[in-house]
Amino acid sequence: MGLPNASEDLSSEMEVDAFRRLFPLRYFERHLAESIRPDARSLSRARNTTISMGAVASADGSALAKIGSTTMLAAIKMEVMTPSLESPDEGCVSIDFHMPPICSPLVRPGRPAEAAPVVAKQLSDTISSSGMINLKELSLVGGKAAWMVYLDIYCLDADGALFDAALLSAVAAFSNLQIPTVSLDDGKIVMLPEEQKEENSEKEPVNKEKRKLTLGGIPFSLTCILHKNYILADPTSEEESIMETLVTVVLDSSNQLVSLYKPGGAVLAYTSAVQDCIALTRQRVKELHQILEEAISGMEID
Amino acid sequence: MVGLSEGEQEFIKGGIAQDLRSDGRKRYTYRPIYVETGVIPQANGSARVRMGSTDVIASVKAELGRPSAMQPDKGKVAIFVDCSPTAEPTFEGRGGEELSAELSSALQHCLLGGKSGAGAGIDLSSLVVVEGKVCWDLYIDGLVISSDGNLLDALGAAIKAALSNTGIPSVHVAAEAASDEQPEVDISDEEFLQFDTSGVPVITTLTKVGKHYIVDATLEEESQMSSAVSISINRQGHICGMIKRGGVGLDPSVILDMISVANFVSRQLMDKLDSEIAAADADEDES
Amino acid sequence: MAAKPSTTTTAKATYSPIDPTRKTRPPIFSGSDVDWLRPDSRGFHQCRPAFFRTGAVNSASGSAYAEFGNTKVIVSVFGPRESKKAMMYSNIGRLNCNVSYTTFATPIRGQGSDHKDFSSMLHKALEGAIILETFPKTTVDVFALVLESGGSIRFLVKQVDELDTLWFAVGDLPVVISCASVALADAGIMMYDLVASVSVSCLGKNLLIDPVLEEESYQDGSLMIACMPSRYEVTQLTVTGEWSTPHFNEAMQLCLDASAKLGKIMRSCLKEAASDEQE
Amino acid sequence: MEAKPSTANLVDKIVVPGDVVLDLSSMTNQTIKLGGGLRQECDSVSVIKAGKLRFSKPNKYWVESSQKRYVPCVEDTVLGIVVDCKADNFFVDIRGPTIAFLPVLAFEGGTRRNIPKFEIGSLLYVRVVKANPGMNPELSCTDASGKAAEFGLLKDGYMFETSTGLSRMLLSSPTCPVLEELGKQLSFEIAVGLNGRVWVNAESPSTVVLVSNAIMNSESLSAVQQKIMVDKLLQRIK
Amino acid sequence: MEVDRADGRNPNQLRPLACSCSILHRAHGSASWSQGFRFIQTSHFYHFNLFVFTSKCYFCYWVGSGDTKVLAAVYGPKAGTKKNENPEKASIEVIWKPRTGQIGKPEKEYEIILKRTLQSICILTINPNTTTSVIIQVVHDDGALLPCAINAACAALVDAGIPMKHLAVAICCCSAESGYCILDPTKLEEQKMKGFAYLVFPNSILSVLPEGSSLVQGEPMEHGIITSVTHGAMSVDDYFHCLERGRAASAKLSDFLRRSLQSKLPGDLSKAE
């Protein structure tokens, strides 16, 4: 550490805030040398994470996930479709990720953020790779009708680790999903009106039992920054902009590797670093699993 | 946009304060209004209205459509305004879009009434042919040819004149078809139904310059406004819509005062407009 | 019959299985029918419970979250910052507003697009309250996202026919306006006063304050006011439907009183946030 | 893998980015000059552009490569085209990432009173005097001592664009075979800019055409091949 | 053999490679890169193929095997950077042109991955406030498209003379249910397999430094991952297995890349003695 640098000398004279803005990298490296981060976290510590279920009343399933101040709102809407000929007894899941202009000063209306389609693609890849959702469960009437699941995730506040928060909110929204009871009416699927649910007179619901999806291996992810020999878990957007090498590891609950995503970056990832990232993710998966369980049980008590 | 020197600005403001505007009018006097009807033969109805250098055309086109699920006993009306680049070079391309959208939405507010249809200038139930199945869709298009202020009032007047000029073909419905099929209809080429336009309101825009407000502001006067309130009022003196432009806040009592002024002024405007429309229709019949 | 359009007119081959028969017919009530209960069992002159919170979005200069019953809105304020387009020199600041909806804001999944009309109405309601002279040459961006709309059937209608879009649903706009002014205050933008906005629906002879969208779709007329409560000035005013002058006066007074109350709630929310900060 | 390379046996060989060509820790007390395409990283020197590693005694190393794009470098002589005239500067296109500035006073004895007039589109033979990253490069029409030397406007003639490698080859000493052979039989004027622009002028247009073709053909030919190619061309006009 | 591949390759065998540089006249640098041959489609191409890697016998052998082929063109450095880019560094812009149709989400993702990968191998501080555009045209896609595009882009950047820290070689490894893994899959194989990983490594370099001095964390520099993108679930061990195979293959690839770059440069320039 400590290449002779002009900023080194200045740092004692300058105000902390000015130093942070002018020499962000050195500011961070000073912290890293002490194994601490500016927000008082240790290097491997993720930010405080919360999930609240059922945040959107008008959706069939929804959740709000917060990692630090990164906030994601995921909501699921179910629609009916005719399944394709290739897979007549499967439904379909369509995942979209939105970054509205409210979430970050870099996004302007009319111009979608560059990161949005990439995160959306990553999410749908991850969810389909993990096999969390059995598309066969989404079938209503074989070959005739199946559920089309629209999952929309809105980033309400972008402060780093967008993918982690988005995946968490998506997973939580799926565990919150209540499939509406529907009945067959004239060859068309319609929703059973509330008041008829008990009486159940003429129309028999086609999906009486299947009100919840059974989720397979649930994927959880952790994004880490590689910088020199340091590994920083769960970066903020400030950290992401200063140290550009990111590694996102997705593991499912049985510790299968669902994705290891490292798009370039100045730092090369060697075997040991990859192993360290995976180990950190293993721990994080346990944490997130517990947080999710608590959120679900909290929902049931209400 | 209007570029005015400070002297000119003061002149306009001072004139209004003394009730003598730069073109010699008083605060509540309109510029002379000329109405011409039937200017577009292809349309079901059309009219051209000139107020000073402001020049607009409105046309009404009727097409058979299907009533909305929410209101099976009503026809549908849509209003669109287009700003021609002849009025202002900056309207070229997408330049006029913002103004067009603002005018369209203001006209919809002022002429089409509430959701249930109450207060609508146009009786939407008269447009239904077969309830729930066939109705007339009215497409009202406004075109701004030359702009010298007070576009909203001019467009409102032009639409009123165009509607009075509109003939809707009478329709004969063939024998009742099965309940969920579209009935066959026969449109007559000769018989036309005339619209009752007595309920159509007129729009009066009161532009506040300094402490006073004026009607029928020119472009130069509009550039000096602090805010403007457009009030649409019908024959009964009821308010049919209102919209405010310009950022500066208004005291509620001023708004109430404006309404009473508008009530008074609009009656004159409506009489003037009716006589102009009658004269124009007579002209058209002769020719 | 009525459910048909959603499949025939939309491009995608999916539809929402909302039961068409469930649509409740308008609660027909005459002028004397004053005891009729509103869907959310409020009194006619009673607003929905309003809740504001500042600092909803960390990365914005200022932000606020508002919840009025089912209507949930987030507004972020960015700036004053460099103007986006290379625009003409201006010795006063610019205000740029944008309102958009999430795809799940309405019962039927929408497109989640920008709402041009609301954007320009929001702009008009706010510009009179902001002291634009304090940030020359720069822009303040006010972006609003409606997370959930107050339960509307408007978008169902929208799919049926393009012509119906001209029906104006003002429901969420007062919430957006009030929330935006709290967000502006949170961002430290200089303002003459907060802007509180309230709307009133007229059903028959009754006036319903702060209508939900179900009520709005059966209304005979509507009045929306955005005003600066302390200065007692109206910055924006929209009226549709037929009103006699006394009726109009009554509605306006109702709105002004309600916005004064709303203004107090907004003020106390800001005060709370400020005192929290000091501690 | 082949035997471990040493600097000596890498010289005149093709190297690609990332290759480490010098180990400074084993070369203490030596001064080395690094040319284009090399970069020092702590104790080693690595390659950043693909090309042939060159060494000239006593201590110069560089990577010789050829590109279609020119990146300005101080003391390069280039051919520029005037694209605009402003009060203080001529704007000159030198095939670089940005337009270069030629101050109106950067001429021999240049004063405010005798500003030269160049029309837009005129071709100039100029020298790069400043090439700082992030700034437009600055040109001059004088040599280091302030003399006009051969710099200035190129009238008439024909200008064509080649790769930077070819123009460097044309400027190398001893004179490159193609110019050598042409010069033996024809008389012509030539100006070569390191930015890959070559200007040729001669009495008869046919000579200009021949010379330019010979030069353009000579890229990627060996010395012997160049001679044969020039001979063939010359025979054709005889 | 553990597995039969449709085209008769063994699991560690790559499809034959071909690379040619400077194929586009107007671009400042360009390259085409193909993995596998399609005899009929590509025959017209050899007119300007300066470098031909393959021999006749390959042709007979590989007819029928699919090929993935990508053209890359580089323009720049051009003046100025876009908004939101750091003007103190050079910026790299990647434009992905699919073979047919519009650019969609997968292509957007490719663009970003490619951009980040190229950013990490180029030296961005030498030409600040400039933009270098890399245009990727997909000619044919039969599996391992992104690695193919990365290789092509890297060759094109070298051709344009953009300053680079080192080269990059990209490879696709598939992992199957039973734990074995195959290299450079065709599209069919990609779809059949449990999961696959796109891996990008630095090329193996010539170095005058003493043996072992370039080790980082006990591993040679070229074993560090520049980019890793995986699809499908696999066990962690499978991933490391892929990594190992990929590294072995990347040595071959980087040899090939070096040879094709060497042949592009004129054999000897002025040194006529």
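Residue numbering begins at 1 within each chain, and the chains themselves are lettered A, B, C, D and E in the order written.
The working rule: a residue touches a chain if its C-beta (ideal position, glycine included) is under 8 Å from a C-beta of that chain, and two chains touch if they have at least 3 such contacts.
Please read these numbers as outputs of a predicted model, since none were measured by experiment.
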item: Contact-graph distance - origin chain C, target chain D; value: 3
item: Where chain A and chain E overlap in contact partners, by chain label; value: none
item: Chain whose Cα centroid lies at the greatest distance from that of chain D; value: B
item: Relative to chain E, chain with the most remote C-alpha centre; value: B
item: Chain centroid nearest the full-protein CA centroid; value: A
item: Where chain A and chain B are represented by their mean Cα positions, the distance between them in whole Å; value: 51
item: Computed distance of Cα centres, chain D from chain B, in Å; value: 72
item: Mean-CA-position distance for chain E and chain B (Å); value: 65
item: Numbers and ranges of chain B residues touching at least 2 other chains; value: none
item: Interface hub residues of chain A, defined as touching at least two other chains; value: none
item: Graph class of chain-chain contacts, one of line, ring, star, complete, other; value: line
item: Touch relationships between chains, expressed as pairs; value: A-C, A-E, B-C, D-E
item: In the complex with chain C, residue positions of chain A that touch it; value: 56-59, 62, 69, 71, 73, 75, 77-82, 96, 98, 100-105, 108-110, 148, 150, 152, 154, 156-159, 180, 182, 188-193, 237
item: In the complex, chain D residues that touch chain E; value: 1, 4-7, 10, 12, 14-23, 37, 39, 44, 46, 48-52, 64-69, 71, 97-99, 133-134, 165, 169, 172, 176-177, 219-224, 226
item: Interfacial residue positions of chain E with respect to chain D in the complex; value: 27-29, 76-79, 87-88, 121, 123, 125-130, 158-161, 163-167, 202-211, 214, 257-258, 261-262, 265-273
item: Complex contact set, residues of chain E against chain A; value: 84, 105-106, 108-109, 112-113, 115-120, 195, 197, 200, 202, 216-219, 221, 223-236, 238-240, 243
item: Contact footprint of chain E on chain A as seen in their complex; value: 106, 114-115, 117-118, 120-122, 125, 129-131, 217, 229, 245, 247, 252, 255-266, 268-274, 278
